[in-house]
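Presented sequentially are two complexes of chain A, the first with chain B as partner and the second with chain C.
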Partner chain A sequence: MRYWLEQEDDRGDLLQLQVKQLTAASAPQAFEEVRQRMHAARPLVMDMRQLDFIDSSAIGELVLLGRQFRTRAAAFVISGLSPPLMGLVEMMRLNQVMDFSPDVDGAFAKMATDTSGADSHHGR
Partner chain B sequence: MKILVVDDEAWMRRTLSVMLQKWGHEVLEAADGEEAWTRLQHEPIGMAICDWVMPRLSGLELCHRLRAAGFSHYVYLILLTGKDQTEDIYTAFDAGADDFINKPVNAKELQVRIKAGERVLQLEQALKTKNAELSRVNEALQASQAHVQRDLDAAAAVQRSLLPASSETGLPLRLAWAMAPAEQLAGDIFNFFRLDEHHLALYLIDVSGHGVPAAMFSVHLTQLLSPHPGTSGKAQLQPPTDSHPAMTVSSGFATAKAIAPQETLTDPVAVVTRLNQGFQVHDRNMIYCTMVYAVIDTHTGKGSLCQAGHPYPLLYRREGRVETLGGGGLPVGLIPDADYEAVDFQLQPGDRLLLYSDGVTECFAPDRSPFGLERLAETLRLARGASLDEAIDQIQEALERWRRPANGESPTLADDISMLAAELDAPQSSR
Partner chain C sequence: MADSAKTLLVQIDSRLEMTSLVGTCIRALCLDAGLDEMAAYQVQTCTIEAVNNAIIHAYGGQSGHSVEIRWRLDDAGLSIQVGDHGKTMAEMPPEIAPDPLAESGRGWWIMRQWMDSVDYETDGTGNRVILRKLLA
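Our next item is the complex of A and B:
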């Protein structure tokens, strides 16, 4: 993995983003690395606390990744986005189609709740 | 190989010539440096074996003259020297000799030194061939680059022609705008048009990515969102027809077939929803867009807009407040069944509505801090005494100041900057 550091965690896969920017140039490769970890039976957390800039093309790639996870019934949560980036997520309503959490613990807890309860996305 | 033997002693020339001919070379002779110089100038000679001490022009002087001349082909020069002439050898190499051989000449040694020389000449020839090939490729690339540049110029001109030409709509409101593309072709596009005697539609779209694909998509959207020419002012999303092949040909983007023929342009939510259904990203097409589409009743000041993944529109109130409109919304083309919301607003005469792309709020200072929404709102507020055109100019100037390093020129833009503003006139009866 070039863009992510894989952390040991018995609650699921934890990937920590190692770059500060995701753009049209880097996002396809960065998300392809995540795609390879896509597994229906194992929750995945993408820890993006390092990120300080994401361009429109990278957002498109992220949403496409989310759609592919949903198709495969695999779960992932993005954690640690900075307040300005969470502002962007809210402006684009991406929180309607993907899950976000302030931190890694919250992210794993969210997936534990979701798998025991109803799907939070109602078919989006 | 053609070898020139240069020696003032005839027996020496003969001896060398016989040896060289035996090894398969073509041999020419010269009795001194001057004669050798004449032959070298007029015949394609690859190698010269040259005595040091000669009348008229010495071997060393010939070296100097040959290297200074800069022939288009290389002449490999072997100097014949006496024994113990180490200092002379340094001088000879310095003058441009390639090799030397001591007299009396040992045949075996001469043969291997000639072979070494041949290898150098072969390399030189191969390099020359490669260089010629590179020059040809370079010329072809330059021609191709010029061709691409002409195409880009033409495409940019098409794009510019799609921007509003005049702010005259025949409706009681003023419009002003600004556009600064990051590259020659822009991904941002905006427009406005009169829907009927009262209503104006305006929109600003930011297509994801940059360059040709984004620009083509933006042009396509402009076509879709233009009022139909044959409906006497009643605007509608144009249906795919044979006379509008751009609508029916799938050019890598999704087709616009999902847009209903009778869909009017008067309902912002319907427009955005239809566009979203018509364009969806997939593995091979990652283009989507963010937009704000608004309709204003210029007689009542009532307005409605739909915000799709786009920065919050700003509403400047005449008394000096600035409000943000909308609560966010999904971009167009990312989620197939996205729901969009209408945001209603009320304009009073003198109020100003500002649509802008994220190139404005994400315009970075040299220290990477963004211009931001609050600074934009403040700049809009500070322009309260200015006309709408001047207000847009002032925002542009503020962005330029923000981008510029303390001492130096502004870097190229990272993203397109576009703005479209509307201000309601005072009603005629109240004047």
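Our next item is the complex of A and C:
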């Protein structure tokens, strides 16, 4: 199963999630796909607007992926999470250690304003 | 006097790919009970966390075992029991917020934050997580 669609975007790499749910059953494979597409030090926006459910196992995979981007000093922004999912992200304080944006344009704008070229939570 | 409670039992095999179906079912039941989208999402999430724990921890991630999800709706609110017949949890997880950078250990925190009560019971017949939510 293919989880992501690679979108052309001259502002950076963009992956669009193609499934509605990420759970303990699917998240490891979905994020492994992302790792295989990661280009060294290239910024990435993951558009998750189609997602309507994520469990704590998938959040753990997301944290692991974010750590790998920080190690590479590459910007990484997640865009398009629905209000309920952002509620979970905020309750877990993930928004304190990772970057989120309501939409893809906002995600690329966030990267553009990050003068370090790395994720703004890199120092944590 | 007749019991006016609405109950439903869903039984699945202990495979993680089954949890999405359980979540979809619970979300639909919550919406039918009058919960709004956010509350339904919260109950769906908590139920899946409990089912994940049963499969991963009680059964060690092995398929071929039974996980029972019992839905009950009455005047007081809703309750969802997630039962297994596997390994009993040795001690309750601590009631502290998980580190945002942790890769695991969020399930019980989520359940405690989003449900009105979460209990764990065990006896000779098995283990049960009981999630309760009061209805306004």
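Everything that follows uses one rule, which is that the second predicted complex is superposed on the first by the 115 of 124 C-alpha atoms of A that agree within 3 Å, B and C clash if a C-alpha of one lies under 4 Å from a C-alpha of the other, contacts with A are read in each partner's own complex, and residues count from 1 in each chain.
By definition in this document, a contact is a pair of C-beta atoms (placed from the backbone, for glycine too) under 8 Å apart; a residue touches a chain by one contact, two chains touch by 3 or more.
What you see is a predicted model; the values in this text were computed from it and never measured.
In this superposed model built on chain A, chain B and chain C take up the same space, so to speak, and clash.
By the touch criterion stated above, A:Q21 is placed in contact with chain C alone, chain B being left untouched.
Contacts of A:M38 after superposition on the shared chain: neither chain B nor chain C is touched. By the document's definition of touching, of the two partners only chain B reaches A:E90; chain C does not.
Applying the stated contact rule after C-alpha superposition, one finds that A:A109 touches neither chain B nor chain C. With both structures placed on the common chain, the touch criterion links A:V63 to chain B and to chain C.
Touching more residues of chain A than its counterpart among chain B and chain C is C. Among the listed stretches 8-16, 206-214, 260-268 or 314-322 of chain B, only 206-214 clashes with chain C once the two complexes are superposed. Overlap of the chain B and chain C interfaces on chain A: residues 24, 55-57, 59-61, 63-64, 67, 84, 91-94, 96-97, 124. Partner chain B is touched in their complex by these residues of chain A: 24, 55-57, 59-61, 63-64, 67, 84, 90-94, 96-97, 124.
Residue ranges of chain B in contact with chain A, taken from their complex: 206, 208-210, 281-283, 286-288, 290, 309-312, 328-331, 334-335, 337, 358, 370, 415.
Residues 15-17, 19-20, 23, 37-38, 41-42, 44-45, 48-49, 52, 55-56, 97-98, 100-104, 106-107, 109-110, 113 of chain C are the ones that touch chain A when the two sit in their complex.
Across the interface of their complex, chain C is touched by residues 21, 23-26, 53, 55-57, 59-61, 63-64, 67, 83-84, 87-88, 91-94, 96-97, 124 of chain A.
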